[in-house]
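Heads up, there are several structures right after this.
Same chain, two partners: subunit A is paired with subunit B first, then with subunit C.
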Partner chain A sequence: MMSFLLEIKNLTVSIQNENFYISKGSNNLSTNVIDNLSLDIRAGEIYGLVGESGSGKTLLALSIMRLLSEPFIKINSGEIFLNGTDILKLSYENLRKIRGNKISIIFQEPSSSLNPVLKIGTQLLEAISPDTNTNQDKKEYAISLLKKVGVPDAESRMNYYPHQLSGGMKQRVMIAMAIARKPSLIIADEPTTALDVTIQAEILDLLRNLHSEQSESSILFITHNLAIVNQICDTVSVIYGGEIMETAPRDEFFSNPLHPYTQGLLNSLPDINKSKRIKLSPIKGTVPPLGKFPPGCKFADRCEKAVSICNKIKPENKELQKNHFVKCHLY
Partner chain B sequence: MSSLLSKNENIFEVRKLNVRFPSHQSILGFKTKYIEVLNSISFDVRTNEILGFVGESGCGKSTVAKSLLGLLKFENPYVKIDGSLLYKGIDGVIDILNCSEKQLECFRKKVQIIFQDPVTSLNPKFTVDTIIKEPMIVHKISKGKELDERFSFLLERVGLNNELKNKYPHELSGGQKQRIMLARALATNPSVLIADEPLSALDVSIQAQILNLFVQLQKEFKLTIVFISHDLSVVKYLCDRIIVMYLGTIVEIAESETLYNNGLHPYTKGLISAVPSLVKNDLKKTSKWLTGEIPSIKDKIKGCVFYSRCPLKEDICKNNIPALEKKRSNQWVACHLV
Partner chain C sequence: MKIMSQILTSVGYQRWLRFKSIKRAYYSFVIILLLYLTSFLLPVLVNSEALLVKYNGKFYFPLFKSYKAEDFNQYVKKTDDSISQPLFGKANYRLLKKQFESDNSGNWVLLTLVPYDPEENLLEEMEGIPPHPPSLQHWFGTDDRGRDVFARLAYGFKISLTFSLLVTLISFIMGIIIGGVLGFVGGKTDLIGVRFIEIWSTLPFLYIIIIISSLIGVSFLLMIIVLTLFSWMNISFYIRGEFYREKAKEYVLAARSIGASKSRLIFRHILPNSLTPIITFIPFSIVGNITLLVALDYLGFGLPPPTPSWGELINQGMHNLHNWWLVIFPLLALFLTLLLIVFIGEGIREAFNPKEKIIFQ
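Up next, the complex of A and B:
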């Protein structure tokens, strides 16, 4: 039997309409941002979640961490199992035991996720388990963490404030905090978007090395960049309008993309290894605003291959090949 | 449109351009310290080419754009610029660093810019109509009925509908805003378009639409485009020639295919090795080419700027600045060891 570390079943997250007190008698006071989403992450894999802005990637990450700003954004229904326990049913106390211990998160912008008035050593010590013996032990562990993530001169860097470090170094500190308690799931929400391409390559390399050292843990890697997914992930999912459109193992995903949206994304990217000026074929139109998605398949109005049924009926999630799931009427 | 210039003649000639920004100014202006942002850079922009600038953040890409536009001294009156910066248009040569108001006005008409963030570069209180017509009125390009016709023409060329006429920027999507920026830039019928990271605020699917639009408009309006980006895949796709910058200096100039297949400077190789690809998943350790962190531009570096990160460094690199030399046809490299 396949063991899943994280299982998300039929998760629906909704956001209150900003003008819900002035809406003219309509009952639609909220819009679903994540719509009936299911996703399984195996123990030990790097799972890539790709989507454009507004597709619900970050909200999914925040839902798993239970960090949504309720009651304006709230989980309506669904279950999130981590090793068999439903995170959504946990009390606040139990949730605290999971955050950092079992799941940790690396945010996109390292400069705004570190506290500017505390030394990074202090922040790192805060993230280390309170039950690890003495202060001296903790400090040594913190220094070893910094060394592990490739911060040079780790002892003295403990006394630095975040503004004294470069973006790449700050992100390394964030990663050190995330791995401090050896969580079984690390959520990396666009961890390299704010960084230069050279630093990005180093951070990806670091994540990969850390992952191979701790082969039981999984990484949920959220990004808008398909090329990065190709470098680091084992399984890839594409999310659009809060629904997963296609899931496949990495090689299968890039060699045999089936969903028109995936194909569109792949065709609209210039690549460093493709020769110059092969005409790009972008997806037509733009992502509709929240609540304006077609009632059937969410991609129907932008899809080149859409037929009449697409606009009306939601497609089922079908397993077309082993582990390759597609949500599309064409198949 | 008849261009008097033959192909490949230079439209911009930049020679030994130095830009220094003041830092730590004392109250009376004594003891001002300067940071070298651009360090004696020389390059040409050829007519009708798409020239790309790449490099990590802080290497001076945007400063190059602003100096080409002659905007630096307006942004900071204490900035020190020396060297020469010539614009060679159809109607004569303009020395951008010392020119009269009148010449500058003529120059502004011919050289337009597109900024990175369309949200902050469109006036939120203007409608699309005013935004696009304003440059045409200011530069007395057309008026009356002709103005309306040209407005509709421009909107159509950038792939927008006339219905957007009375919308305000906040009512438009990111892609639409970037198209409006393009239409506004094209309004004065420019010969040069300087695009400073025009795609980085856009989503993947929209980015491709705008990229195609660039290719199409470049042909149609016979534009010379200076394209600044940190995304090397995009630059490779779009540009004819590419200039690689590092810490305020140019380390390599080459045609785009040559640069990607036979880049000579170790920094170019490192930069290219770091770009993730859709086709291959062999992103290797860039540490083969790049080690350590970028030094601060405040540090005075005596020799090659890349010395601290270079895997091939030798003694000569420490104290001698390498000159930008022609190594192959159309390929200039600043490295002692190539």
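Up next, the complex of A and C:
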């Protein structure tokens, strides 16, 4: 049996409503944004998580790091195992030892993820393990990290402030910080969304190269861009309304999508081979606001293949083929 | 060389350059700084004690040791100029200088630039009834108790500025600590803390000062403590908001994601970023505190007499409107000081403004 690096079991995350302080204690004032979500990442794979805005992708990433802004957004139930230890049960001190060492995260917006008043070098040194090396070693290691992520003229860049670097360079620095302690899991939360397309490709190449160098570590790649998923991921999950709808190996996912939502997503992509006259076919409707999802399958009210049972009863997660899971009443 | 280039590219140095390029603010800063530094030399410049006395072949340094009148065999001449009586008590060096000059005995006295003490009345040496108008001896005249106005203004400048610098510094530190804790911890601590601050800020400050000054009397230290206790609230609100805003920013999240400790988050990441807007408040707070001290002194609830204070002089001017020097000089000194500091504040605000410079060139 294959061992899993990260196992998320029945995770539920909820947002408290505005009058949280006044009526504390009553549970109906919170809305679940991640709903009974389970997910397994194998050691060494690049795991793609695809979803629309507001589907709970980033909240999932923050839950794994336990960086949610509690008490307004909090984990209600579930377990997150990293190499067998439950992250959710760790004390603050032990959690700090895991952050950066075992899991690290690359954020979406490189410009705001770096402290504007500190130099790049200072922030990189911060990311390097505090107890191992002497200052000189640390500095050399920081420079080698910068070189590794493709920052030219690394020595002098150490003394730059974030505003003196371009977006792509800043994202490279963020990646350098994320890989500094060789974590076993890197969460990449839409790392290319804020960058333009050419830089996107470079950053993806970089991530792929880094991953091939450290093949035992995994990457959880969160994105809304199916093209990127196709380029670098081994396994793909689709998330909608805080639930995983379908999980499949990459090739299977693109050749044989089973869930209507996945099919809709893939159909709505423009195809360069087709004639220009063909209109894009988007999924009908919009994502409902939080708490307004149907009680059964969350996608039921937008689904073209919905039957009466879809609105009432939650579908089970079924393994239709090997490693291909779908949550749908159709199967 | 490397360190130099680091300094040259640092944000602080850029801001200093920008501040320097705003001439009005820069020169105001230089003037205030020089005046304030000079004010620490006041005992050598404005003092009734002489710098140096040569008497019977020996040198005396009255600045460091107090001498009695009989040490120099000083005497007082009565009006008819024939009888002279020995003087008792402290030596009076101005009179001693005249005495040595008329004796022509080779003894001499080196007086300070302005040989008057701010708390010393000159009724015995001057003719007529105080206040005396400006003259060569008394540049700004004397007040209604016969004390030299220039000496009082000079010492008053030092006291006002020191006082308001201390109040500003301590109240800012207090506000930053309290606001920072509330903003970082948040939750119930914040809820209760802010209610407490709101209640605290509604306490009528002036009445409390009046009650305290009538109960136990005021001193320089007590005034600083009381004023500090009543002026940290605004800063704490501001810092609290800044902390709330900064701690939710992604770079703090990123720092947390690599396992930064709480103290590191606060002191390394959040505090430096929330401090920038606060720094621009400092000069205006100094101006406010000078004005406050002058107002309290004017009302008579300020520093205890005979401390040289501007408010007390302004009060005298108010009661002696026909003695123009008591009105003009204290007000002018106050006005110029406040103006210069406001210019500095303007410059700092401009230098910290991340957007391009628009005015004040």
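General observations
The rule we apply is simple: the second predicted complex is superposed on the first by the 316 of 331 C-alpha atoms of A that agree within 3 Å, B and C clash if a C-alpha of one lies under 4 Å from a C-alpha of the other, contacts with A are read in each partner's own complex, and residues count from 1 in each chain.
As a working rule, contacts are C-beta pairs under 8 Å (C-beta built on N, C-alpha and C of every residue); 3 or more make two chains touch, one makes a residue touch a chain.
Bear in mind the structure is a predicted one, so any value in this text is a computation, not a measurement.
Once the complexes are laid over each other on subunit A, subunit B and subunit C both fit without any clash. One of subunit B and subunit C touches more residues of subunit A, and that partner is B.
Judged by the touch definition given at the top, the superposed model places A:277 against subunit B, while subunit C stays out of reach.
Once the two complexes are overlaid on the shared chain, A:201 sits against subunit B while remaining clear of subunit C.
In the superposition on chain A, A:264 contacts subunit B only, with no contact to subunit C.
Applying the stated contact rule after C-alpha superposition, one finds that A:114 touches subunit C and leaves subunit B untouched. Of the two partner chains, neither subunit B nor subunit C is touched by A:84.
After superposing the two complexes on chain A, the angle subtended at the C-alpha centre of subunit A by the centres of subunit B and subunit C comes to 80 degrees, rounded to the nearest 10. Once chain A of one complex is fitted onto chain A of the other, the partner contacts of A:230 are limited to subunit B, with no touch recorded for subunit C. Once you line the two complexes up on chain A, you'll see the smallest CA to CA distance from subunit B to subunit C is 7 Å.
Common to the subunit B and subunit C interfaces on subunit A is no residue.
Taken in their complex, subunit A has these residues touching subunit C: 21, 62, 65, 67, 69, 71, 96-101, 104-105, 107, 109, 112-118, 126-127, 159-161, 164, 174, 177-178, 180-181. Touching subunit B in their complex are the following residues of subunit A: 52-53, 166, 168-169, 196-202, 204-205, 224-228, 230-231, 250, 254, 264-277, 279-283, 286-287.
Within the complex, the subunit B residues that touch subunit A are 56-57, 173, 175-176, 203-209, 211-212, 215, 230-234, 236-238, 256-257, 260, 270-281, 283, 285-287, 290, 293-294.
Taken together, the subunit C residues at the contact with subunit A in this complex read 5-6, 9, 11, 187, 191, 248-251, 253-261, 264, 268-269, 272-273.
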